[in-house]
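The structures considered in this document are given below.
Across the two complexes that follow, chain A remains constant while its partner is chain B and subsequently chain C.
The block that comes next holds the complex of A and B.
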């Protein structure tokens, strides 16, 4: 399948709500997972013969297992408050990318088979049979949702489309219609421990190379240890941090911070991946299996703390679910939250004055901070609600003298997804990713024009890869996206504390 | 005893039964269904009193809708709080003697009823005019507005242009409560009003009106943000635990 031609949306002086145009993204769908990516996850290799019955049964099972689904399917009054909140709708104008319409793809089938009104008066309440056409629509449009939860902020009943998308994807995977990108990655994690399929020797080699690079640049031997039993901290970070740009500069930064703080730490080849794509496909079992690797690694290495690197959805799974999926963590040091975010660690060191920082090292950079959706709306940092917005900004301000926020309705809890989250960071969805980045690019353009901002700073591996890819479509440079800990690393003065 | 009285007495008993039984079933279903993961939309309160406050904001001020869409918020709030006032005013048919504050509420009845209509009109207009909202509207969404507007309109008419025999209505209602039936006046507006109210009560547990009880069970709003401090294991998820080391 050749990538379809498409036009990058125009950045207008003011953000606009597009006019509804049906079917503008009906051609967009990701590659279907082949059997070898389905089976390791416990799903059938290809579309099962009686898929309709299996799907409807699975729907009933999920609705009975998840209060969120049961409540969200019943509660919607079609008020439309969410209808202009999704970045994919704003970027495409396709009405099925309005959160409520996306939910309705699921809800109409639920109503048909599981409610009285839908069974007897389907035309009245918009109920529909699960036909092949409906299934095709599911596959297209449930892969045009990045599970970013922006719609849930504005819903009077807190309906979270991400929950519906996850359920739909799990139903589709269960009948043999999985998505290649996510399922291939989960299968890789089971086989090799990380999303990129890096085996232990390659990882060791990469880290050794990093140590040499940092020593060459700074003259200080900062360590990037792997599988070192007895370390205090197990660092779990997205595998993109091992060699992708700009992620790797973030990893260098974590190492410098921990080195200066005198905290012994290690990575694990068994849990060499923070990402947990089980979240994206909505599978509790797969999410749990991926999460358990981290528990196993922590036990095996005898660490006292678990710290997560810069990754958005990984932090959601870590902060919100890890204790539930893989706890209790009573074998770790109870003086620290389990798990911690690297930003929480750095923030604490900065506040205690434990790091010597030279913020002038970043004087060439004028930056703005992109709140990643899963961190903003599905997790927390520190002790107070909203700490996830405060801590990274305080760290950023401590290491950089030129920090400017984007428009208030595009950051914090109202932040826009980068356009590549939720298992959509794949080239077969490039058009969607570019168009979905529109609201973020619009807000970025405003601070670039007003404050001469040069860089976007993020704390999510997916955001970073996505921006590196889509920035050029909007007239920016791919290297205008930076890791927060790259700026930290550049500002940390190594050596004895002055 | 007229046929009308008998039919309406039975209809209202049936409607009340369906409403209560339907809601009990649905609420029980929401309460029983496990919530296996912590999914509050953050920033979220870290304690139960915090959640109570968050929910009070949602219920009294519609805080999320306020953030989402101002016209929908204004019309929606106007409709719901006029409806509340109207319902409280109707208590005068159920208690004898009438409590003082109910008397006040019923004094405001005409204004509240008109405000209800205004709110409904605004919501309906949005549903027709805004292309996004038009796209997501099913016939049932329009019918629900028609039903509510008709109930409000017949009520306002009975308080203004065509007053009904409220003494007889009260005797009818009080009689229903103790199974001692009194005649229902054969006033066209009254019988229409009551018929539509009965329809509303019957469709309530089968329709989107379930948003009223459902909001109290919405995990993104009612969950406490404390997953690092407390494990949150659903019963079916706990069953997966045994083979773990």
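The block that comes next holds the complex of A and C.
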């Protein structure tokens, strides 16, 4: 396949708000899901005949069901605070990537069919019919939002564009216009338990290989158990952790930490995926069906705790929704958070001095931490406000002597998306992903120039894959992205505690 | 979409992956590579053959570590690493090499 032709944005000495160029990303849209990826999710295989009526009815249903959605549609005063906050706008200059304009694609249709003024005086209130042209624009631009929610931090009304994007995607899928990447993946989870489609024997073979590698490297038999009933902890981690780099180095690290802490644990082939793309496509039913697999696995294996690996949106679903989606979890040990993040587990061990750490093992690395959007803006860790920013940094500082933060308005709750979140980590959207990474690459370059930073560290499988792909476009190397637990794993001293 | 080999039209998906695994032949791999401006060497074939072998047994492409380990055994330690595999397959061993091997594209957060 020929490489797509586009220009990578230039990294300037300081960030710039781009000149608006209308329609510059109008060509960007993902492949449409074929029937075999639509039907397992409960959606029609292709665009239904009376799609306009079905879509408008679905919109009414969603607006009635989610009061937040209606408030977001009604409350915007067009103040413009969000307009320069989206990484896709900053990277592309396409005005429809301003969050307010993206919302308006939905809002104008909502006004036309669900507000009095829009029904009778559409021209006065910017209300528009849901035409094929409007639908096409929806498909393009609601797939140029990674649901990262940065814009909502700056909105004086707290309007969450991500919820509008999710509603739009749910409506489109309901009329037969789903996105191939996300829907194929969800269908695979139903069939095989994970996004990759790794069957149990492949999973077992992969984990066995890891045990051999770690033993060869350290001389210690660290286990990576699968489907072991009676273990204390069920570890639910993104399937990319089994398959890809640098994710797998993170998985190796979790295993070393749990081994050294003496915590018995297991993975599950039934719930061999932390990611929950039901969130991305805005479908409560599908999100629930994916989440229930974790409950089923926990019950079947008789575990006492559920711990999540490094996956951004999985932690949002787990932290914010797991109990209502798949609870109650009264069969788990109530002395531990339900669920718990692997960073919380490691952080607790570090603070209690339960691990012997040799931070000089990472002396060759000078690192900066990338806050993943869903962890930063939709969850928490530990029991302190902002713990989701503090805990990973404290773990990182415990295992590495050279840690430098990027500019304050690019981290913490103001963090920029990696450019590949929200179901956009697919090659058919490569141009969007490269351009959307601009603000993060800009901030990275600043710490590279100032502090000789060598690596970006993340706790999200999507961020890791996205960075491995886009870093070279900005003059970096693909292996400058690391898993947090890779650094932890390299610093943990295995064997009897000294 | 499709690819034409020896006057036979083989169906592919939008990204050029074969729809039917059974349509694969060494000519398919060679032609896909030629279209990318790559001439397949013995080392490319080691990767492609291993992918097909692994897929045959496990119904999925091997994880990157399994692939690099296998290549270290076959081609030597200095070539059993991701960097070298990216030299062979610039679009990535998981995706480009799978396409040449006639396997489906790995999905997920990879």
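By our rule, the second predicted complex is superposed on the first by the 494 of 498 C-alpha atoms of A that agree within 3 Å, B and C clash if a C-alpha of one lies under 4 Å from a C-alpha of the other, contacts with A are read in each partner's own complex, and residues count from 1 in each chain.
Note that in this section a contact is a pair of C-beta atoms (placed from the backbone, for glycine too) under 8 Å apart; a residue touches a chain by one contact, two chains touch by 3 or more.
Predicted model, so just to flag it, every value in this text is computed and none were measured.
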Fit-or-clash call for chain B and chain C when the two complexes are aligned on chain A: fit
Contacts of A:112 with chain B and chain C, given as first, second, both or neither: neither
First, second, both or neither for A:425, with chain B first and chain C second: second
Which of chain B and chain C A:285 touches, first, second, both or neither: first
Touching partner for A:485 - first (chain B), second (chain C), both, neither: neither
After the two structures are overlaid on chain A, angle v-u-w for chain B, chain A, chain C in degrees (C-alpha centres, nearest 10): 150
Comparing the two partners chain B and chain C, which touches a greater set of residues in chain A: B
Which superposed partner A:347 touches (first chain B, second chain C, both, neither): neither
Chain B versus chain C as contact partner of A:71, first or second or both or neither: first
Overlay on chain A, chain C to chain B nearest C-alpha distance, Å: 24
Contact residues common to both interfaces of chain A (with chain B and with chain C): none
Chain C-facing residues of chain A, complex: 1-2, 31, 180-181, 184-185, 188, 194-199, 201-202, 205-206, 209-210, 213, 238-240, 242-245, 247-248, 275, 311, 425, 427-428, 461-462, 464-465, 478-479
Parts of chain A lying in touch with chain B, wherever the complex brings them together: 17, 19-20, 63-68, 70-72, 74-85, 95, 98, 100-101, 104, 115-117, 123-126, 149, 152-160, 163, 284-285, 288, 292, 296, 299, 319-321, 323-324, 327-328, 337-339, 376-380, 384-386, 388-389, 413
Contact set on chain C toward chain A in their complex: 14-16, 35-36, 58-60, 62-66, 69, 82-83, 86, 91, 94-95, 99, 106-110
Chain A partner contacts - residues on chain B that touch it in the complex: 26, 29-30, 33-39, 41-46, 50, 58, 62, 64-65, 67-69, 72, 76, 123, 126-127, 130-133, 135-141, 143, 206-208, 210-211, 214-215, 217-221, 225, 227-228, 230-234, 236-237, 240, 244-245
